[in-house]
Amino acid sequence: MDIRKIFQQYSDRTSYPEIGEDGKPIIDLSSHKYLKMWQGPQHPGVTGNMSLELTVCGDEIVESKTHVGYLHRGFEKLMERRKFIQCFPTCIRMCVAEPDPNEYLLARCVEELSGIEVPEMAQWLRTLVLEMARLQVLLRGVPGQGGTFALGLGYQWGNYIRDLILDRFEELTGGRVYHMYILPGGVRGLLPDGFKKRMEENLKLADEFVKSIDDLMYSNSVFKQRAKGLAVIPKEYIDKYGVYGPSARAAGVMRDVRKTNPYLKYAELDFEPYTTTESDVYARSRVRWYDLQTTIDLIRQIMAKMPEKGEIKAPTPNVLHWKIPKGETYVKCESSRGEYGMYMVTDGSDMPRRVNLKGPSYTHANMLLEKLLINANIADTAGIMVSLATCPPEIER
Amino acid sequence: MQKIIQDIESRYSVSEKEIRRNNLCFLTIPKNQAISLVTYLRDYQGYSAFTLLTAVDWIEEGHFQLTYLLNNPTNYTEIGVRTMIERDHATMESAHHLWESMQTYQRELKEMFGIDFPGSPRVDEDFILEGWTDIPPYRRDFDTKKYAEETYFPRPGRETNDPAEYMKSKLFPND
Amino acid sequence: MDYSITKFLWTLLGLFIVLNWGMLMSSTMRRIGARVSGRFGIPWYQPWIDLTKLYSLKSQVSHGAMFFLGPVFRLMGGVGIFLFLPIIYGSDHWSNYSFSGDLILILYFQFFGMLGMALGAGEGGHPHSAIGISRGLSQFTTIEVPMTLAVISLAIQYQTLSISDIVAAQQGGFTTWTLWTNPLATAAGMLSLLGAFGHSPFNLVKAPNEIPIGPPTEYHGVFLGVLRTNGAILHVAEAALFMNLFFGGATNWVELIVKTFLIYFWSVFVGTVFPRFRIEQSVRWFLKVPTIIGIIAIIIFL
Amino acid sequence: MEKENKNIPLVKTKTFINPENEKRSVTAPDGSIIEIDPIKDYFCQDRPKEYKVRSGAVEKFLNWARAESLWVLGFGTGCGSIEIPPLVTPRFDMYRYGVQMRPTPRQSNVFIISGYLSVKTLKRAIRSYEQMPSPKYIIALGSCTINGGMYWDSYNTINRLDHYMPVDVYIAGCMPRPEALLAGFAKLKELIKAGKAEKANEYVRNLDWYKANQKKIIKDWNMPDYNW
Amino acid sequence: MSLKDILTPFTAWKRVARTPVTVRDPFNDRPGADRYRGFHKNDVDTCIGCGTCESICENEAIDLVPFKDPVSGDSGLRPRIDYGRCCWCALCVDVCTTNSLTLSNEYTWVATDPEEYRYTPGVDKKSWDENEKGWKKPEGNYEFYDLNRVAMHHLHPEERSDSFIEMVTGYSKEQAMTEADRCVECGICIATCPAHMGIPEYIKAVRNDNMEEGMRVLYETNPLPEICGRICTHKCETVCSIGHKGDPLSIRWLKRYIADQIPSDKYKEILNTNNLEVNDKKVAIIGSGPSGLSAAHYLRLMGYQVTIFEQYAEAGGMMRYGIPEYRLPYDQLDKDINYILSLGVEIKYNTRIGDKITLADLGKKYDAVFAGTGLHLGRGTGIPGSDNEHVYYSTDLLRKITAGEKIEVADSVVVIGGGNVAMDITRSLARLQMKKYGRINIIATSLENEENMPADREEVVEAREEGAIIHPGWAPQSIEIENGVPIGLHVVKCNSLFDETGRFNPQCSMDIKEYWPGKMVVQSIGQGMDMTYLSDEFKENITFGPRGRVQTNEYFQTGVGWFFMGGDIIEGPDVIHGIANGHKAAVGIDRYIQDKLNSKQ
């Protein structure tokens, strides 16, 4: 008798609960077989401020609903009553963890609709800032995957280096979290003296971190047991559910805007995003780990290739009453989570008619997460959420 | 891009087209053809990835603009399908059968703009707001500043002066 | 003075020392863990402040009588182990109430605390408590299996169920420790100890980012203070138990402190660098590796 | 100042109760029909009580213990929560100051309102706050808690936190840096040691005013007035 | 699960021996970066209270609160920041017109009272006021608005030096919109403009390409936009907030641009003056200069029957007879004047008050009289030789040029004076010389040195471009006369003009001498007024101030109730002052008449 088979027989409950005729699971709470359980918003395992309404049977989730809106500030509405320049401080707060793509996208939308060319130097600086932003997110996000499985050590190390990167941001942009660096037409300053040297020191630490996180997490038997085979995203889900960035690349589908629709200076940089096909939590985390290395390498490349001096800002009309002709556009860039896009409609006035931000979390955290959580263990909700890199503020904005 | 647009124009009545970049264009289509075009693009033209669905409130003209933005993951181009729907009792055909992620967008539009998508799953559930009783907040006729000032409590003690007015009142009060 | 009263007072003094050592040990462990992270960590006296604060809080919630009794039962689990454990070998004052069959009783007390917690936390009504308890009970059952196997192996080896006797049998210097005489039982025991201390990868009961924080979710103030008191006692007592069973016991306090520290550090050593198992993985693991080792340990001595 | 605020007229709005929480009769598993009132059954309905301030050296000693053992509720209500991880990680390490994170409100005594509160979060924040045992303290992090900050004209975020929850310490900034938050903790410790951090009792005393303000904006009030 | 996977994680323990990386003293060990955006600082002395910080702030975090009494070019307000709103984006710093607002790199502010978080940087003392680090506007070509004004196209000196055609071509639409775009709409200029024109409003109209709206704004305060758009002394531009960092806005040219865009036949329609009411009250106006026309315009809008008495054959006063055509073409002048006349203003040319009609007659016939008779008499230097008949006054010459009278311009000319009128006559005579002789030989000299010359800078520059020689800093001593004709001017070096008390007291070095030959000498050192129409009975009731100027109340009402005076005779030579006086006098006259009516009833 194969003991393994008996275990599997009892652990495989994919057909559980029964599915009714309307395609929905039959869940009778009064049968005392199921328990309704909320995770979040006050829950350390939930990324950011959102909540999951789980129906569990034992430790297993049979139905899940995500509830968002705890961070809704109505940005898109607020931006409709702000001038273009005033949108910037507002806009960057749409995603707290990685605010720079917001800045870039809004600036790009404005530039594209009003036809402004950005100077060379500013483009390099923008690329640098975007990569630095990716670096600081990944330094938190990569070990954060271990954190969801209670391996907090890597998170501690990563966060320290992230803090150092934030110091570099502070030097360069004047802000620690909200940088307000990219403005329409260009950026707000050149590299300070000695920046490259200090950055290189930090990158060395990051290199060491990459190595040690590999030892700690990816070669960790327990982590492998937890993460491998968990929450597999089949390839056909990529388009159906809208899967972007590292999550799609873990499924073997190349989705990286930096490569497919190069923007800024990415066409001049040499990099190859990593893809794999396992598509489980481990693979997604591993893709991010490779991304981290790519990013470190890219920052080195950028710092080597960028010119020393140059114009940082193209002249713009007076920002106090800048009117942009009627039009609409969609621009996108690659955030650490995937394709990050902004759709802007202008109507010829000095305020945008409509701004819509599309972050990958919008699809990841709603339909995809709900789908992946079914038949998962309660213990894995946090791991799955983090592996999809959900960022609630970009869902509800 | 041009080829696809010509192809679409031969099949659907495109009333307006705007080519923004060589990989992005917007087409305006009558309401009843929109879902058909989206399906066509998805199934026959390779626009299999759905990027976003959003609405724009053209209150002056009395209609909502719905934009379905589709992405072609093989040649990396994007087509925005725009359609205009009546602002009063706004209703649109649901497209949740095309992409799973669509129902989230439709839920959001229902809540934020009040556009109904009959048949879309969970479309009536609260998505972002909770217990909202005012008009849908993303509509242009909803004044968020006024609402905020009436509902929340702005801290008193703020007063400002317009430089021109202030100088006028101080320097030549009799004018 | 009556012997029983002096005995009781000595035991209380022992309990007090163990409590304080337990708290110092926990803060020290946290400081060591913080060092690996690159931090300083809490001050060494932090547990005392926390405890003072917790006892100063008054409860505002009531979930019924069992809710109050939960921490008390839990405390009884910890104190119970201590009470029947000869913590210093050969000392009349510090041998507590150990008797010839104390090993069995202590195994029972190990479970007792968890059961008490189950009763109390279940009354709390919080789903996290319920899930935590169900996890805790199932995990603890499986922890007990290798543990019991190791104890059985020892019992066969030393032909006794008295801890004092087991310690006595090891008093021939370093090499007579069970660690060397019965390494397999030691291995089984130490592996099950990982589960008993509740550090990663077996901290499923409290699991802060899954079911924060398990059974004690609803407990606060004095209740939490009691639970923390218990934690301090329990950790030292369990470590002392293993010290007695496998590491030759202690003949003085210094030895006790060093040995319990090292035994406790073993779980921290593992816990710091491993993530947490899922419950079924944990159960499976305990039923696999330590159990097999334990069975072999028994077979060898049969 | 507190009195002055109370003169602001409050608009009565209809209170909505989630259907799940309405009074209704249900069939029990054994077939009998029972009346349930979830709000009454699930929650406690007593008014909160002020915690007793002892006098003299005892209170001083306890205050010292409270100040040196600040347990922070791990509830990131807004963007400010992005600066909490640096505090618990090596760079700033707030543990060395006796500040620790707790995952459940029952065991916390400091609530960091990290930035703006949307109406939906406010409801949860109030509930979490009320579940915390007294003495409890609120640190308001960032400008949004003072006068609305960035989101002063948003229809979904509150402007002034002190109308809904009693705030002990305010920290200006958007975001305030971790150091500012540490300074906030230092200030809070100072207040507690001086016996001045009595805002939790103030909340109890002015409960009706706070509740009226809260109910004015939380229309879907499907929880009891007092829920500890 | 391999053994390696179990053992490798333990390598993490090697970190236990490392020193913690924690910042030991977080409050002092890690100050903000040099560019950190911390709390606000404001240099209140540099700040002009323009309020651009307030208008760019998306959070309405900035209030302008009074700091001191306003003066020209400084609103006296200073920004007060509400840290319950601020988001430290530093857009206010980048947009600041004077670079006075900066951010320090301090960032810790903990308080128990939320009301504390409103403060006026620079006024309320804070610990970070002396902090030099922090965010400042980035160096380099980083501006939120264009600091350089759109250059106005002038005719080339060679093209213009022999003709009287207008030398300034005016803005094209594109140029005007670009220039208008630079405005930050602070409104500081309004107070400095004597007429208090709604400058930001009409610039906004230019930006929006809404000329009709612009026209309406202009006519609210200024009925002579074409004229003002060309020859206004644009005091507004001296205080323009953009001027602190870059070129001030070309407010004058934008005004001209608006007026130029509207054809004269559209005026009535745009300004809605087709059917003006007429009441039975009559007002007489003496002189059709800017103040007279302005008063006439506003009185007419109020419904009064207005009659202007003009001593010359054409209306316009000094604007026509004092300003050469290349600066103010007559057709543009006529455009403004004709519009005012077309409103129903009656004008009597060649009618000099004091000759046939006396002021007293007017007082009887009309309900009120306004005199804007201006300064059109030349003032002499009084130096030896200045009584020669070939020593001219500039006013006389300019008038003759306008009237088309023949002027015998000599082939070498010396002009005494460094004001705008001196430049006008210099350049006019240069043009005549060019026409007659084909070359220019004209010298202008002034007491003031180069920096302090009263003429507008551009006038001096243009005059030099056209070939005139300008020698500032010389005091005329005597005119050399030979055969009854001047042949030259003796001057000495002038060192300073005013003594310590500020009185006019020129100090000259008599040993540094110069002699400039010239067969024609023109005196242009100021103008005097002709007050002969004021008979003694009036003079009793009218108070005179220093330099013979009449003292009036704020509505330009003299001691004689029905008699109002305004313009250059009150304020000195300046078109825009004249216009402002006329407007205000019109209000005063209206009040006076209404009061009289009310008291009768």
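The chains carry the letters A, B, C, D and E, assigned in the order they are written, with residues numbered from 1 in each.
The criterion applied here is as follows: a residue touches a chain if its C-beta (ideal position, glycine included) is under 8 Å from a C-beta of that chain, and two chains touch if they have at least 3 such contacts.
Treat the numbers as computed from the prediction; the structure is a model and nothing was measured.
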Chains in simultaneous contact with subunit B and subunit E: A, D
Farthest chain relative to subunit C (centres taken as mean CA coordinates): E
Chain centroid nearest the full-protein CA centroid: A
Chain whose average C-alpha position is farthest from subunit D's own: E
Chain pair whose interface holds the most contacting C-beta pairs: A-E
Separation of subunit C from subunit E, taking each centre as the mean of its C-alpha atoms, in whole Å: 89
Computed distance of Cα centres, subunit E from subunit A, in Å: 56
Whole-Å gap separating subunit B and subunit C, where each centre is the average of the chain's CA atoms: 60
Inter-centroid spacing, subunit D versus subunit C (mean Cα positions, whole Å): 36
Residue list for subunit E, restricted to those that touch at least two other chains: 9, 12, 15, 20-22, 32, 58-59, 82, 84, 87-88, 114-115
Multi-partner residues of subunit C (at least 2 other chains): 34, 36-40, 208-209, 212, 272-274
Contacts with two or more other chains, residues of subunit B listed in rising order: 129-130, 137, 142, 144-145, 155
Pairwise chain contacts under the document criterion: A-B, A-C, A-D, A-E, B-D, B-E, C-D, C-E, D-E
In the complex with subunit E, residue positions of subunit B that touch it: 155, 157-168, 170-172, 174-175
Subunit E partner contacts - residues on subunit A that touch it in the complex: 82-83, 85-90, 153, 157, 160, 167, 170-176, 178, 180, 186, 188-190, 192, 212, 215-216, 219-221, 224-225, 311-313, 315-321
Subunit A to subunit C touching residues, read off their complex: 7, 11, 35-37, 43-45, 56, 58-59, 146-153, 156-157, 160, 216, 220, 222-223, 225-226, 377-382
Subunit B-facing residues of subunit A, complex: 68-69, 72, 74, 76-78, 80-81, 112, 238-242, 253, 255, 260-261, 327-330, 339, 341, 343, 345, 353-354, 356, 358, 362-363, 366-368, 371, 396
Subunit E residues within the subunit B interface of the complex: 49-51, 54, 62-66, 69-70, 75-77, 82, 84, 114-115, 118, 186-188, 190-191, 196, 200, 554, 584
